[in-house]
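Per-chain numbering from 1; labels A, B and C assigned in written order.
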Amino acid sequence: MERRTIFPGTAFPIFLVLPQLLLTVVFFLWPAGQAIWSSMTRADPFGIRTQFVGWENFQDLFTDPLYMDSIGRTVVFCTSVATLSMGVALLLAVCADREIRGRGWYRIMLIWPYAVAPAVAAVLWILLLHPQIGLVGRALNRHGVAWDYKLNSTQAMAVVIGASAWKQVSYNFIFFLAGLQSVPKAVIEAARMDGAKGWFRFRTVVLPLLMPTVFFLIVVNFVYAAFDTFGTIQALTQGGPGKSTETLVVKVFRDGLINLDVGGSSAQSVVLMFGVIMLTALQFRFLGKKSDE
Amino acid sequence: MRNRVDWPAHVVLVLGVALFVLPLWLVFAGSTQDPAAIARGELSLIPRLEGFGVFASILRDGSPGTGPVWRMLLVSGAMAVSIAFGKIVISILSAYAVTFFRFPFRKAAFWTIFITLMLPIEVRIVPTYEVMSDLHLINTFPGLTIPLIASATATLLFRQTFLVIPDELVEAARIDGAGPWRFLKDILIPVSSSNLAALFVILFVYGWNQYLWPLLVATTPQLDTIVIGIVKMIGTETQTEWNRVMATALLAMLPPVAVVILMQRWFVRGLTDGEK
Amino acid sequence: MHRRTLLTGAAALASVPATSWAQPAKTKIVFWHAMTGANGDEINRIARDFNASQSSVELEAIFKGSYPETLTAAIAAWRAGQAPHIAQVYEVGTGSMLAAGPAVKQVWQLAQETGLKIDPATYLPAVRGYYSLADGHMASMPFNSSTGVMWYNKDAFETAGLDPEKPPVTWAEFAAAARALKEKWAVPTNAKAAGPEVMATTTSWFAWIQLEEFSAIHNLPFASKADGFEGLDTELKFNSAAHAKQLQMLLDLAKDGAFKYTGRDNTPDPVFYSGQAGIGFGSSAGRADIVRNAKFKWAAAMLPYDPAVSTQPNNTIIGGASLWTMTSKTRTPEEYKAVGQFLQFIAQPENDALYHQHTGYVPVTSGGFEASKKQGYYDKTPGADIAIQSLTRGTVTENSRGLRLGRLPEIRNIVYEEVEKALQGQQSAQTALDSAVQRGNRVLREFEKSVRT
């Protein structure tokens, strides 16, 4: 992963990397350090009285069965969102990669939702799915389906998974399409000659070549599901009914921004930060390995 | 190859397109309707012709509680473009430095950038606000954009691209007497142009859709972005002009969608290049 | 030496015209609020009127997101030394603000320092109580206040054979009405006409209306230590037999399909005004939405009470928000004085009345109420005074002046979670309340520790 050819000089590259480094230190490292410090304190929201409590906030977190439930729920949620959005995207990408009429048009129609703001998407889902005022929600109830995600935990989970996955399908689609296009046509042709058919050909020839993309997207989708779905969940279910759709990020936002629990929410941020670093390391290792090849 | 129509593929794709277009259509149809009917949940899928005036009206006057939509679009546009350009510039420079040079603390600098890869702004919002205020950037356009420019994702992508540039190309440039600056300008940037385009799309969309940070850091209505405008329009304990909200949502979607569609070709290719 | 004095003198002279001959420099003050839509416009209207009413102060009103977002922004700004002069904070944030010590200047302190004249007696006791200290000193300035009311669909009442002019007064009557609505109105044939899904009854703000208001009306403590007014070591008390009976009644009605839970906070509001519920409990501030959207005859009534618990129903407590004066190292006495001027301005009867009539909120002063009466507002808009009647019923007791609990938004959330579990049949009413009290007490202890040095 190292380049053999390099340019000489020391001052110039430092000058080049300085702006990025400066921003990183000021806007990432320093706040992250603050978060770590706060996670070991108990403070009022205004920061007037701060006392050092060591690991107490972490102890509280990990002895709280509700927090442990939340971790499990988040894993289920992230896995479902990633599986659903990647599955749908892969299916669409495989179809759009075929030699069919109107494929350019199809592609455009499948890529644009990438640009929809989460705040807008949230409003959309309420107008569609709300059991009483949503278009689809009302239709379901009218046709005898007891649709009520405000009081049905399973439906609530399905709603937030569906809404979150929807937003991510385009992104995955773009990457899968790019990945499929880089599969050499000769390989597929060769497989066809060998008599490999449809699904079998896809599974044994195309999918292995697509695995780098799949791994990359798994990480991206997990990070997306873990962090960027707060707005969607908050707008649709606010984590309810009960705690059935409260993921870790919903909890950290609630505790930090609504409940104003500085120490507790910082401890949760630190836990999340470690999660992200691990995911990042995973992604980095994987990307690094790939460029070795 | 085959002349037969590939029905299964068409069916799947049409279903996929419908999944995305129907909600959009709902917003479009809703924007032309009577706000009270929408509030009652009587949303019709047929647009009302006489309701189209709402677009001109929000562009000019906005909605109760907000400024005109054209200005918010402008702020969002300026913010998204600044963020995209800023990120690209600083990332390309730092990626160049860490891949083509050896300097002290190179590894440290590199890891410093990467370890913070995805820490979302929401988690670090209060300390970041304090820094901005120390720098007197609250309520200014730079304050809106600079903290969002700091990100490692773009650096990572550029680094991946730079790593696969053949050594022969670099050697040739050096033999031609090209200095590091010229190499960057004349060879590296043109070679990675499709990545640039792809990144621009991703970053533009990212910048356009920001909500929490602009809300916190910008306090004058002149700096309201369109996403904040939409949230302002949704009334709490007061009537919401749903048709205006939907029309604004639609207009808010247009620029990023246009960027995505117009740059679609480079977008997909840029990602393919980065992937390899 | 001499020359120098002359020079400075000349300089001083030269600078005089700029400041005193031209317009005197205005004191600028900033007001952060959380009002959207038409209510946001109303704030801008007030700012304009205030700026036009005098020449020394210029007020700038700025929207900072939802209530929690505004509070977070104000806290972040204060920590950075950039707090706004005035911040609008929702009623459930009062406990946190009172613990903010040097970050805020309470109204009585502001009055003392600036000579501002604010007489607590002019405010409705139920409004004043929420924002005052236990000793009666006012801490923040009442602003947009509402209270829980019962909206009912008169057309539905008629169909169900109920008297539309006689809404239920007790919870037993409510339960009977709910069952009647379920039997005779919320039936499939009517459903087609009224909308796809019709339910007998529903409620917004479950935690506020069905538990907090219930406690106030029946003079039951929601929490010990006078609902938290008399100490941070307060403990939640809303798991009494009376509370459990009330929740059990709602659970029973829900089981029979005569009551339906449709979400947290005010998200159920549209269910009533879209004509899908015969009775919908909600905030009195939702009136504007109902006026605009409802296509049926409706009216408001006070929240029911349970004579078995208390024969003398008390006042309800308020919801909404108040205005807090915030501090900053660089703030001058002139600025505080300017804040005082603004607070005095909005408290004037005619301004209070105007705000009340333009929005769905109640007048916070008796002067505002009288002025509205004199202007014939309640004759023109019958029922608009239900909220005021409800707030002024009986005498304010330590159980009905409001809640002084830290991290109340979190406690409400816990209530929602436990009640939702009970409504799904996962636990009984008593278990739900016990568990909410237990979890809520943990939050209170955590808050107590955090604000104590």
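One rule holds in what follows: contacts are C-beta pairs under 8 Å (C-beta built on N, C-alpha and C of every residue); 3 or more make two chains touch, one makes a residue touch a chain.
Just so we're clear, the structure is a prediction, and the values are computed from it rather than from any experiment.
**Student:** Looking at every pair of chains, which has the largest contact count?
**Tutor:** Looking at every pair of chains, the most contacts join A-B.
**Student:** From the C-alpha centres, identify the chain that is farthest from subunit A.
**Tutor:** Ranked by distance of C-alpha centres from subunit A, the top chain is C.
**Student:** Quick one: subunit A and subunit B, Cα centre-to-centre, how many Å?
**Tutor:** Result: the chain centres lie 16 Å from each other.
**Student:** Could you put a whole-Å number on the gap between the CA centroids of subunit B and subunit C?
**Tutor:** That gives a centre separation of 38 Å.
**Student:** For subunit C, jot down the residues that touch at least 2 other chains.
**Tutor:** Subunit C, residues with two or more chain partners: 69, 72, 75, 79, 270, 274.
**Student:** When you check subunit B against every other chain, which residues touch at least two of them?
**Tutor:** Subunit B, residues with two or more chain partners: 39-41, 126, 231, 234.
**Student:** Could you tell me which residues belong to subunit A and also touch two or more other chains?
**Tutor:** In subunit A, 132-133, 138, 257 touch at least two other chains.
**Student:** Using the touch definition up top, name the residues of subunit A that touch subunit C in the complex.
**Tutor:** Interface residues on subunit A, with respect to subunit C: 42-49, 51, 131-133, 138-139, 141-142, 150-153, 238-243, 254-255, 257-264.
**Student:** Tell me, which parts of subunit B touch subunit C in their complex?
**Tutor:** Subunit B reaches subunit C through residues 36, 39-42, 63-66, 125-126, 129-130, 132-134, 138, 212, 215-216, 219-221, 231-241.
**Student:** In the complex, go through subunit B and note every residue touching subunit A.
**Tutor:** 1-2, 5-6, 8-10, 12-13, 16-17, 19-21, 23, 26-27, 30, 38-41, 43, 45, 90-91, 93-94, 96-104, 106, 109, 112-120, 122-124, 126-128, 131, 146-147, 149-150, 152, 155-156, 160, 162-164, 167, 170-171, 174, 180, 183, 205, 208-209, 211, 227, 230-231, 234, 245, 249, 252-253, 256-257, 259-261, 264, 267-269, 271-272, 275-276
**Student:** Show me the residue ranges of subunit C that touch subunit A in the complex, using the header's touch definition.
**Tutor:** Interface residues on the subunit C side: 68-69, 71-72, 75, 78-79, 96, 99-103, 196-197, 261-265, 270-271, 274, 276, 407, 409-410, 413, 416-418, 420-421, 423-424, 426, 443, 446, 449-453.
**Student:** Quick check: in the complex, which residue numbers of subunit C touch subunit B?
**Tutor:** Going through subunit C, the ones touching subunit B are 30, 32, 34-41, 62-66, 69, 72-73, 75-77, 79-82, 146, 195, 266, 270, 273-275, 283, 285-286, 288-289, 292-293, 295, 359-360.
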